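This report refers to the structure that appears directly beneath it.
Naming follows writing order (A, B, C, D, E and F), and every chain is counted from residue 1.
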Amino acid sequence: MPGVQFARSHLFMAAREGKGPGVVIFGAPLDVTTSFRPGTRMGPRAIRDYSWALETYSLDMGRDLEKVVFYDAGDLDLAPGEIEGALSAIRHASAAVLAAGGIPLMLGGEHLSTLGAVEAVFERHQSLAVVHLDAHADMRLHYMGQKLSHAGVMRQVSALVGRENVFSVGVRSASSDEIEYAASPEANFRPGSLRHLGDVAQEVRERPVYLTIDMDVVDPAYAPGTGAPEPGGPAASELLEALLSLEGSNIVAADVMEVAPPYDPSGITALLAAKVVRQLIMLMAPGE
Amino acid sequence: MPGVQFARSHLFMAAREGKGPGVVIFGAPLDVTTSFRPGTRMGPRAIRDYSWALETYSLDMGRDLEKVVFYDAGDLDLAPGEIEGALSAIRHASAAVLAAGGIPLMLGGEHLSTLGAVEAVFERHQSLAVVHLDAHADMRLHYMGQKLSHAGVMRQVSALVGRENVFSVGVRSASSDEIEYAASPEANFRPGSLRHLGDVAQEVRERPVYLTIDMDVVDPAYAPGTGAPEPGGPAASELLEALLSLEGSNIVAADVMEVAPPYDPSGITALLAAKVVRQLIMLMAPGE
Amino acid sequence: MPGVQFARSHLFMAAREGKGPGVVIFGAPLDVTTSFRPGTRMGPRAIRDYSWALETYSLDMGRDLEKVVFYDAGDLDLAPGEIEGALSAIRHASAAVLAAGGIPLMLGGEHLSTLGAVEAVFERHQSLAVVHLDAHADMRLHYMGQKLSHAGVMRQVSALVGRENVFSVGVRSASSDEIEYAASPEANFRPGSLRHLGDVAQEVRERPVYLTIDMDVVDPAYAPGTGAPEPGGPAASELLEALLSLEGSNIVAADVMEVAPPYDPSGITALLAAKVVRQLIMLMAPGE
Amino acid sequence: MPGVQFARSHLFMAAREGKGPGVVIFGAPLDVTTSFRPGTRMGPRAIRDYSWALETYSLDMGRDLEKVVFYDAGDLDLAPGEIEGALSAIRHASAAVLAAGGIPLMLGGEHLSTLGAVEAVFERHQSLAVVHLDAHADMRLHYMGQKLSHAGVMRQVSALVGRENVFSVGVRSASSDEIEYAASPEANFRPGSLRHLGDVAQEVRERPVYLTIDMDVVDPAYAPGTGAPEPGGPAASELLEALLSLEGSNIVAADVMEVAPPYDPSGITALLAAKVVRQLIMLMAPGE
Amino acid sequence: MPGVQFARSHLFMAAREGKGPGVVIFGAPLDVTTSFRPGTRMGPRAIRDYSWALETYSLDMGRDLEKVVFYDAGDLDLAPGEIEGALSAIRHASAAVLAAGGIPLMLGGEHLSTLGAVEAVFERHQSLAVVHLDAHADMRLHYMGQKLSHAGVMRQVSALVGRENVFSVGVRSASSDEIEYAASPEANFRPGSLRHLGDVAQEVRERPVYLTIDMDVVDPAYAPGTGAPEPGGPAASELLEALLSLEGSNIVAADVMEVAPPYDPSGITALLAAKVVRQLIMLMAPGE
Amino acid sequence: MPGVQFARSHLFMAAREGKGPGVVIFGAPLDVTTSFRPGTRMGPRAIRDYSWALETYSLDMGRDLEKVVFYDAGDLDLAPGEIEGALSAIRHASAAVLAAGGIPLMLGGEHLSTLGAVEAVFERHQSLAVVHLDAHADMRLHYMGQKLSHAGVMRQVSALVGRENVFSVGVRSASSDEIEYAASPEANFRPGSLRHLGDVAQEVRERPVYLTIDMDVVDPAYAPGTGAPEPGGPAASELLEALLSLEGSNIVAADVMEVAPPYDPSGITALLAAKVVRQLIMLMAPGE
């Protein structure tokens, strides 16, 4: 309509609608195997909503999202209660973005979604390193009899890309079985401080990287709205600072997962996730 | 992306994006003069979100939204704290819809927005009748020194279209000054029961109608999330039933106003508003 | 400060601060024996806050609070966990209001407070009738070993003023022991519909009346924020309408009790209570 | 411990722990196919929690739960994201209760659970009538490609017991396909008012009855915390009154479903569900 | 009333009502240009409410509020939607306090209010230094076409008192335009750590200081209830510690802004603001 | 029921029901003298609910709760509004656990409960050291005229076991009178950092220890749901780390107090409390 301006609030701030050759955001509102409390289906939408509370300019990176070309393709339309179909849709969407020369940036949604995306990326990048920020190891072989669940997604990813190619940082919760698997000599398991991300960044500098961030990696005070918050984690500022160490890495795909808005009336979880997404776009987008 | 389905959840369910010759939804997230509690800026978005919890088929009207051609143009981009500019944008948007042969259906947003829309409609329809469902008279000449406010919007509308052409139904709260004005002999003031809407529908049957619904017309139990809920009103079922009496009326524009999501964590206000919007689309859309 | 206007939002709207010869509001934020869920200590404050969302004019009574002289004395300062001291403070405050020719209107706070107020009023008015609107009989002799509790307040009141002088209306929940006591032939127990209030009003027309309203008398949909909501009650409109039947009664003191804000984020309980208080002031205040 | 009393708050009030020959409550915290918003997994627990706000005595039935022998077996331990296994566990639990001469009373949990319970009951009672109170028809053949979902549970039940043996009361929302199926001549579809339950009760008086109650049958004002609230329904008091018409029916199993606590901070949904459960126990339990 | 004690909970704890020669608290419930989410109008009241959860004694300052003479004048009565009038009222109130030898301590309310207060203070103190703690630069020349907005308040203040006299500490969010302005050589822009406040305190020791604190300066985990929370900030303890470095400064006026209670059901934002206010009173009040 | 698995969610995860010779958890839902805001009665239940979000394995202790024998005896059944009776029940329960060779681990409930438990423990262990983690000194002689209150519990404990045997760590709020008492030379008052716990652990290594943890010892960001949150405290990770310094101590009884769920919709307070309880069980339980 001439002379009338409409808001673009259904997109991540400053994004173009659809997909293209740069970073392409899409939402995977999966919410099926969440074991403690559900609501991750509302995560992608909340992240976009809260992005509008942020500046497009990043003070610590000195870059402006307004000068970056990137896209928001919207949310996948997933059938409720369906796991295999959802993973397949995620795989297809990721592959389509890659095929068009794009860089997939998935918003979650439960962490299991990462499996679908990694499958698509691994097909293109056989030397893939998966960098994993999470409070939980997510390395269970089974969870209550299920192989496909948020609690075992990194076990499946490890089986696919090789245990030695998964770099878990920030883990502070695991079962004893998981520890046995995750902390084996051939694995790259760096529990505790997020400062280990700097070392990992060095190690994988020459390789294509899939970066997966479970928002529960920070303390529940900073991200109360996740499916399984784990007390005793780092501050949001530590996460944001750690991400800066990835500057110069070759991140070919990424995701920001497990935002569960119903348990966070103040919205600070989605807000932090939105800031993380903003930083990731700048890290991944080709230079201006 | 081929083989991948994306959700259309930023639109009112079953709507086409943009505008066209049928009903055209647009949001007016005005939230400036709310006197008791703010948050109406989040109303339009919430109504769309909750529309997806409803069926496209209406059991009591026997019609299906899937078979109606209508549009969702998105939300106007209004500057915070700005009244005149917002009213002008609303007037322009309404006029643009009308010019294209469309029927504007505005989602609010505070009730003051109605003034802008009525201005545009009245220019085209000089015999306009304004049908007004509300718990409050909204007939103040001034409110704390302000002429333009949600508390006086129907006074402004009355001044524009003529007091005798405003039909207020459901009012249960007013100042004594307002009563003096609203209940004057030449006015059409029907406080109390929503059943008066049937009589009004008869009276205005031959005329073009602007229908404005302040969601606080129902009891706060049914719509806790409004700017100024007023205890002692009718049930949601009474509102939905009353709307059926408008079948056959010539509604040339309508609005659904004052949804303030922050005070309604269960979302039932936006949900009821969404159902009202669904019914209005069916009432206003040309026959299949 | 000259030229600067300050809000009076800590008072019930339109009230004068302090006390005087008309209706005198005071808060009794008692919150000790609440058995299911606490929070009634925040009731009086919330009622005042929400009063500002209402008009001073009452459409169905045709009167304006602005033309009524009444006072707000503030909240009693009660020690946490202390019952006897609180009842004594309430008795003293009520007596002081009465001594000054005023009409006490207490805001609760848990229902047990009513005992203190009735004691003061009964001392002055030996022919007192107590009219009691409540979802619960509140007639327990003991509750978990305690004689003084919200669950037995009307038993204590009955013991004081005589069982035949307590008129309970609207009760829909009781223990079998209570029913035996409350529904005895000499008692005036009118469970179920609020329409019985009209009959009661007739019966007590010649007598001084203490009116006590437990806000849980309406359905939890209309008053979710009470200590012990009881499903299956009347609508807010039925309560407001029933109150009109008291026009002409000689209400010498009243209270509005059991508002528990923490369980009602939308505030509709306190809002309804505020409207009830507004109506009571008009019912009790001497004619203009 | 001698001299120390422990609360039994993890059970429905007045229940004995475990199972036995009378009514046996058990929870089915299924929460997988919820399409709009999740959280039904927390339903059974919330119903028990809120039961303690009620009296054991029912004023309108004149009976006391303290004099009824009934049991609470706890919640089934269901794997997250697993449908078939959950339905099987529900079938087994129901069958086990029946085998021991008990009457299963399931607390939900999403409505799909009803299929498992009906399967077990139908095996024992081939002349079973299923009485279904719900705002939605739940008669979809598929929902987003899924046969097993809350949106199609009554279609599956109809296929099992025969369409003519399912009596749906209170429906006010359906797709056009569902209406075609549900409202066919051989079906017993009574949309709208809950008063039709009286007629249904007459019709099925001689038969064993499975009674399934989706809590969204009442208006969202009375039950905001359900997976898919539908505006425009009856009051809680109408549901409670309608249930009285089942006095004398031969209810051999029942369920109370779709309580989703995260969207109802005031807890009135679970509270109403608890009162419904209390009434059902009295309706189903053998005379004292 | 003799023998009856009333609470003083509408005042900041330990304050005298009205105004006088010491610190004078007043609320400026402005809430018009809030761009992301509104609710700051409820800030001043919430700060007072939560003050009562604190001790009057400050362990780290070794002083007791009970021994400080200070006042609480209440909240300005601002018309909804009106900016100029509000700024004028704030200017007048601040000037009146100063004229009476008092020290204004304003509770917000949106940050734009600071402009009115600084205008009054600057008129008296031409050598004024404005110390500004904030997550955002608030240095926009225009915000969506508006010059007067929370997003540009410090730009207006800078224009008034001189850019070199504004000391911004703690900023972590800004637009690129703002950075250009705020970080110019003649400006005193200290983004990042709150520890820079110590240096600033040294620099301005000899000058009259206006101290403005936007509560969003701390991480959203510590202050979720603000209009525009910004992830990645310092802890509350860092803010409280930084304030100690102002001991001995000549603070002639101060404000604590942007508390937006609707988004913080736990109230920790208002609680922290109340503690900051308590510390400020001790910093500003003349020695005992 | 054969083939059907039931959840044990009413117990702390991995606990056996009842009591026995190891650690015995029991809840003391006291909620009477809470002065600022109530709700601690719901604390014990919430801690158990949230325990299920945690792993049984502790990564930083290298131990698994699955391999520890411990019990959950449920919640004491306390009469509302009754203090003396509650303290007596707590004393009896603690004594019963001790008599059976168990180690009491009480879940609160308001802090006053600690007095009852310490009385029982002190009777057995005359050389008892009480280690006290809290934001408040809790050393008031009277609080609004009451001797028995949460605000004075450690004063009563000090009077019982000797002031020199109470080691308060983490205090950041006190009245001036309390400071005079608590910080006297013979006392062991270590305000501020939780790192002092290491020194205390050294000092009391040879003695039987009662460990009482008021959850408000951490910053409100990490535990918003307590009766009296105090801004400016340490992070959850600092508390968890400090607890590790107690490894090897002879803790003969412990408690985790003041969890008030109504003010923490995200549940992170109860979640952190559950993790603290898990760590305490491992610290106190006899070696595997």
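We adopt the following convention: a contact is a pair of C-beta atoms (placed from the backbone, for glycine too) under 8 Å apart; a residue touches a chain by one contact, two chains touch by 3 or more.
Note that the coordinates shown come from a computational prediction; the quantities given were computed from them, not determined experimentally.
The chains that touch chain B as well as chain F are A, C, D, E.
Greatest Cα centroid separation from chain D: this falls to E.
Fitting chain C to chain D on Cα positions gives a rotation angle of 120°, stated in steps of 5.
Rounded to a whole number, the gap between the C-alpha centres of chain C and chain E is 40 angstrom. Between chain A and chain C the centroid-to-centroid distance comes to 54 Å (mean Cα coordinates, whole Å).
Each of the following residues of chain F touches two or more other chains: 37, 219, 221, 235, 263, 265. Chain-to-chain contact here is organised irregularly, matching neither a line nor a ring nor a star, and falling short of all pairs touching.
Every pair of chains that touch is listed here: A-B, A-D, A-E, A-F, B-C, B-D, B-E, C-D, C-E, C-F, D-F, E-F.
Partner chain F is touched in their complex by these residues of chain A: 36-37, 171-176, 179, 191, 219-221, 224-225, 228-235, 263-265. Put simply, chain D touches chain F in their complex at residues 1-10, 19, 26, 29, 45, 49, 73-77, 89, 92-93, 96-97, 265. Listed in rising order, the residues of chain D touching chain A in the complex are 31-35, 37-39, 41-42, 79-83, 85, 143-146, 148-149, 262-263. Those residues of chain F whose C-beta lies close enough to touch chain A in the complex are 52-57, 59-60, 64, 219, 221-222, 235-237, 240, 265-268, 271-272, 275.
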